[in-house]
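Going by the order they are written in, the chains are A, B and C; count residues from 1 in each one.
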Amino acid sequence: MAGSPRRAASRRLQLPLLCLLFQAVTIILFAIFVRYNHETDAARWHWGNLSYANNEFYFRYPSFQDVHAMVFVGFGFLMVFLQRYGFSSVGFTFLLAALALQWSTLVQGFLHSLHGGHILVGVESMINADFCAASVLISFGAILGKTGPAQLLLMTLLEVALFGINEFVLLNLLGVRDAGGSMTIHTFGAYFGLFLSRVLYRRQLEKSKHRQGSIYHSDLFAMIGTIFLWIFWPSFNSAPTALGDTQHRTALNTYYSLTASTLSTFALSALISGDGRLDMVHVQNAALAGGVVVGTSGEMMLTPFGALAAGFLAGTVSTLGYKFLTPVLESKLKIQDTCGVHNLHGMPGVLGALLGVLVAGLATHDAYGDGLESVFPLIAEGQRTARSQAIYQLFGLLVTLVLAIVGGSLGGLLLRLPCLDAPPDSECYEDQIYWEVPGEYENEAQGPLSVEEPDTRA
Amino acid sequence: MAGSPRRAASRRLQLPLLCLLFQAVTIILFAIFVRYNHETDAARWHWGNLSYANNEFYFRYPSFQDVHAMVFVGFGFLMVFLQRYGFSSVGFTFLLAALALQWSTLVQGFLHSLHGGHILVGVESMINADFCAASVLISFGAILGKTGPAQLLLMTLLEVALFGINEFVLLNLLGVRDAGGSMTIHTFGAYFGLFLSRVLYRRQLEKSKHRQGSIYHSDLFAMIGTIFLWIFWPSFNSAPTALGDTQHRTALNTYYSLTASTLSTFALSALISGDGRLDMVHVQNAALAGGVVVGTSGEMMLTPFGALAAGFLAGTVSTLGYKFLTPVLESKLKIQDTCGVHNLHGMPGVLGALLGVLVAGLATHDAYGDGLESVFPLIAEGQRTARSQAIYQLFGLLVTLVLAIVGGSLGGLLLRLPCLDAPPDSECYEDQIYWEVPGEYENEAQGPLSVEEPDTRA
Amino acid sequence: MAGSPRRAASRRLQLPLLCLLFQAVTIILFAIFVRYNHETDAARWHWGNLSYANNEFYFRYPSFQDVHAMVFVGFGFLMVFLQRYGFSSVGFTFLLAALALQWSTLVQGFLHSLHGGHILVGVESMINADFCAASVLISFGAILGKTGPAQLLLMTLLEVALFGINEFVLLNLLGVRDAGGSMTIHTFGAYFGLFLSRVLYRRQLEKSKHRQGSIYHSDLFAMIGTIFLWIFWPSFNSAPTALGDTQHRTALNTYYSLTASTLSTFALSALISGDGRLDMVHVQNAALAGGVVVGTSGEMMLTPFGALAAGFLAGTVSTLGYKFLTPVLESKLKIQDTCGVHNLHGMPGVLGALLGVLVAGLATHDAYGDGLESVFPLIAEGQRTARSQAIYQLFGLLVTLVLAIVGGSLGGLLLRLPCLDAPPDSECYEDQIYWEVPGEYENEAQGPLSVEEPDTRA
């Protein structure tokens, strides 16, 4: 099943050569441009003569670690649900995210934080790089099992660049607020991946349908991903916000929103199934929509009630999407969305952006007091009214959608380059093309166990 | 096996309708009563003009995250040991805990922190809600596999209310100290669940005995739960204590206690087994008893020696309980305790309460200095002697036991309502009643692995 | 397969008796020597009249928790890759680490922090004890599957003592810098284990070769260990450093180094395999080498570029080691290294030490400013030049290697005592000797599933 010699040969070389090339380039660029910032540089920090207790590390690193766990454990294991694609799901997540962390440090640095020709790095840049990696992994979810590692590396290269540009346009040029990334991370990642998947449409994919489902224990592995994403999402949305009450409030809002999306997911999953049974696909994914939907408004005065209502809506929409929309996307729009990222990140992301429009439009000095400065600085400084901020928020969503759709389509064309190794339609969702895969229990038969089994089963 | 049409129909509707009803009610109650506290409210926080560094978020949120992981990852996966009940174990843990977080925010708010008709929420209420969820999951462990989700939702509703009342009586009315919840969380949750299980006694349960055991990899999944509970327990016991030395000391005591319960568990497990082999059930559960047993005294001047001794005792008692007591509970007292919560939470919880009585009775101004105020405020203020505090601690245990026993029994009667969907005796510990369950290795037969299959199934 | 009655009897008693003996001894020693330090003692802390915000707990506990997770989750699950040794891998990790935490508190206390005849404990001693446990688990990896629990407990007892001595010589006597333990943890643990394995060489080990490989889902469990080690490694290296910029910088350097070792591991793994497929063994292990290689220099002004270059080199060397060196070690040097610790901890540890020599030798007042005091106090105080510090660093590596080699060899002789229970050559890598092991899917055949299977498999 190793395919024709040519494919085997190309496969043999594309992944390693791209890894080595990218790594060589980033090492050189790091040498030229990347430096410690004043919080991580020994001389600069002590020059400031500050108490160690003021170092930003102590206010953001715990949140960073939670985000880091979400990216590598959460996304990685969530995608292990495929019965024969576990190595690739967790392994390629590992590879793509590692590349994205380096590459986005450079891209975001060039765009956001170039000081005297140098990119200054610290815990904030670490968080931002992880956010970009999360967006790449969302896109990965849409094409999971249908692309080779070389294609995925190129996708990462392109998406990280476009992610940085979109983020720059929204946050820096338009003054849009989007701490938890409903727009910049979820909407962008989802639609980038969906249009990429559209361009890579496979008419013959049913040849691999028998491998597209889960098995009992692969669903349990996937729940590891789900639960770690769920518990740490409050840290995800609050990691980059203003310190103090804002970070605190964002975590609280996300926490409540997630509980509501969990309840609505279980309710809807049982309601829409023929026989009242729950569907693991819904629980593994839709229950997380509450984190996505407050990505923009979580730092605002959403109120605990608003967080619950938003989460409930997101879980409902997401579950219905898995049941009714995903099949239509494939049959009508020719978008094959392996993990249903449209339901978990796409629609909830757009909803989150619109919720941000609403809550921003309702912002008042009474409600925020002097805290207005940390959430809506432009309103606090009188440069904008709440209404105009809301309009900017809406515009930010449109920019994100356009960039994601154009970028994803271009990415699809790039990945279709015939020279790139892609799995045949009959070998999608299959680890054995890219990994040395051990058998399952193969050896027990020969081992003492075969003899033992009667005893152990008695 | 879907059962009679009537049962199927009721099953189809009970879970979703209860979820939707509860969610609708909590959303309304949140809208009326729940508000940001002065640490999460933009206007109020900045009114105080405090430095962001003083926000309680930075002193409690890392501990909260560890507690959150224990509730959803720890409890969820610990119960996956059952070979055919993994989806329900981790899935219903997810559902019940999510509901408990919302509902206990309201119950605890009404009882503890109603300010001007409003429940003010922040990281402390998040921790307290997670603690209540933990107690519900302990009870869940006693009846695991023998109840339907609708029954579990009603149990949660009742238990959260009684948990809040018990906690209020102990901490607010009796001035009992119980930071880590040896009484309020473990003793209460365990005996509530055990008496609930007693009322739900199933004479014919052996019809499902073949599904009650673990299989090799389900035991490995359960170890994920065990290890996460074990490593984060120091954060659990210290999360709600006074800040500074008290929180620090509590984490340290718990850390040492757990190492000792682990050693005694391995020792006893090998000693009591016929052939000297270790039993995973003991390692997965009894090794955690060290965290339970210092739940009350962990914040006190227990001394590192005391922590080790307590942990050693707890691990010993817990392991012996699994071996000798659990069978008797079922045969003699008709209490079917699926996860052996009596051994992990019941007995160690009571031991922990008694240890608290002892250590509180030994409290002196010499030993605590000005720190007495943060551990035993009533003694520091001269309202109580150490001896009287000890008596109050003992009384607190009795109140907890009474409330748990009465509440659990009432809960059992509630759950026996004939209208509620419960699995038949022959279908306990079975996911397929409530979940769409994929086959195991269904497709490998077609994959390259197919060659192996005959052997592996022999 | 339970072996002769004599062996069975000895097995029955050695593990529990050693556990009970060790626990009794440590409890007594704790009672005599171990006390709360001024950060955990109620009276002493309040005597100081400090704000709770200054308690070291808030600056080190989050890092401690990450380290704690690495030791118990990371190391434990990383070794679950063996198809029939999962219970022992995660279970003995649990047991050995728990013992090591207690025992190293005493050893390190006697050597480093004896104040007025008392060992004072707090979060720093917790971190140091976990570091020692990590070193023990590294050695465990070299002999995994070939030793009984009694042997492992004795190894722990000896290694913890020697670890403490080596650490004392390097850090206290030689003034060597090694925050993340490239020398004290990784090099020491690896070579201690390798020489121990050498002395325990088994000529007939191929009798268990069929159990030495992984199976599909055991590799996924192992990835849980890998990913948790990978994400938390920045906390591992930074946990014990000076607070402020140093801790911040160390985490940042480790973060970048790991991304580079991941890329080089994927590249090399595909390059060196015959058919371009990736090898899970490499991904699970070599990708972590980036954390090991900056263990010494991570706190220094390594620069982000330096971190990437170091990580890239470490991943390359480690992957090549798995492919080409491990077989030679076994065939030529008679060193059977189950987990390939020589590739993950040995060579990268030595490389990390040498990198520390280089970076220390390049230290200048310009580069560190007043921060020089926290990284190289002896240079800052003028007692040493950068060059002499570099020489001391190099000498520290030699001392570590000598102590590890001598200690490991002695350990091997100790473990060969005929009275100790060891598995026969034909029963290595087998849980059933030490654990009551359930069958795999035993009951499905009898359960309702058998009826269902046709449907669920359709």
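By definition in this document, a contact is a pair of C-beta atoms (placed from the backbone, for glycine too) under 8 Å apart; a residue touches a chain by one contact, two chains touch by 3 or more.
Everything numeric here is computed off the predicted structure, so don't read it as measured data.
**Q** If you list every residue number at the chain A and chain C contact, are more than half found on both copies (same) or fewer than half (different)?
**A** Both copies, chain A as well as chain C, present different residues to each other, with under half of the numbers appearing on both sides.
**Q** Tell me the rotation angle, 0 to 180 degrees, that brings the C-alpha atoms of chain B onto chain C, to the nearest 5.
**A** About 120 degrees, rounded to the nearest 5.
**Q** Distance-wise, how many Å sit between the C-alpha centres of chain A and chain C, to the nearest whole number?
**A** 31
**Q** List, in ascending order, every residue of chain A touching at least 2 other chains.
**A** Only 53, 58, 62, 217, 224, 439-442, 444, 446 qualify.
**Q** What residues on chain C touch chain A, complex-wise?
**A** Its residues touching chain A are 1, 53-54, 58-59, 62, 66, 83-84, 210-211, 213-217, 219-220, 223-224, 227-228, 230-232, 234-235, 242-249, 251-252, 255-256, 258-260, 262-264, 266-268, 270-271, 273, 275-280, 283, 287, 301, 303-305, 308-309, 312, 366-372, 374-375, 426-427, 430, 432, 437-440, 442.
**Q** Okay, in this complex, where on chain C does chain B touch?
**A** For this pair, the touching residues of chain C are 2, 8, 11-13, 15-17, 19-20, 22-23, 26-27, 30-31, 34-36, 39-47, 50-53, 55-58, 61-62, 65, 68-69, 72-73, 76-77, 80, 86-87, 90-91, 94-95, 98-99, 101-102, 121-123, 126, 149, 217, 221, 224, 433-444, 446-449, 451-453, 456-457.
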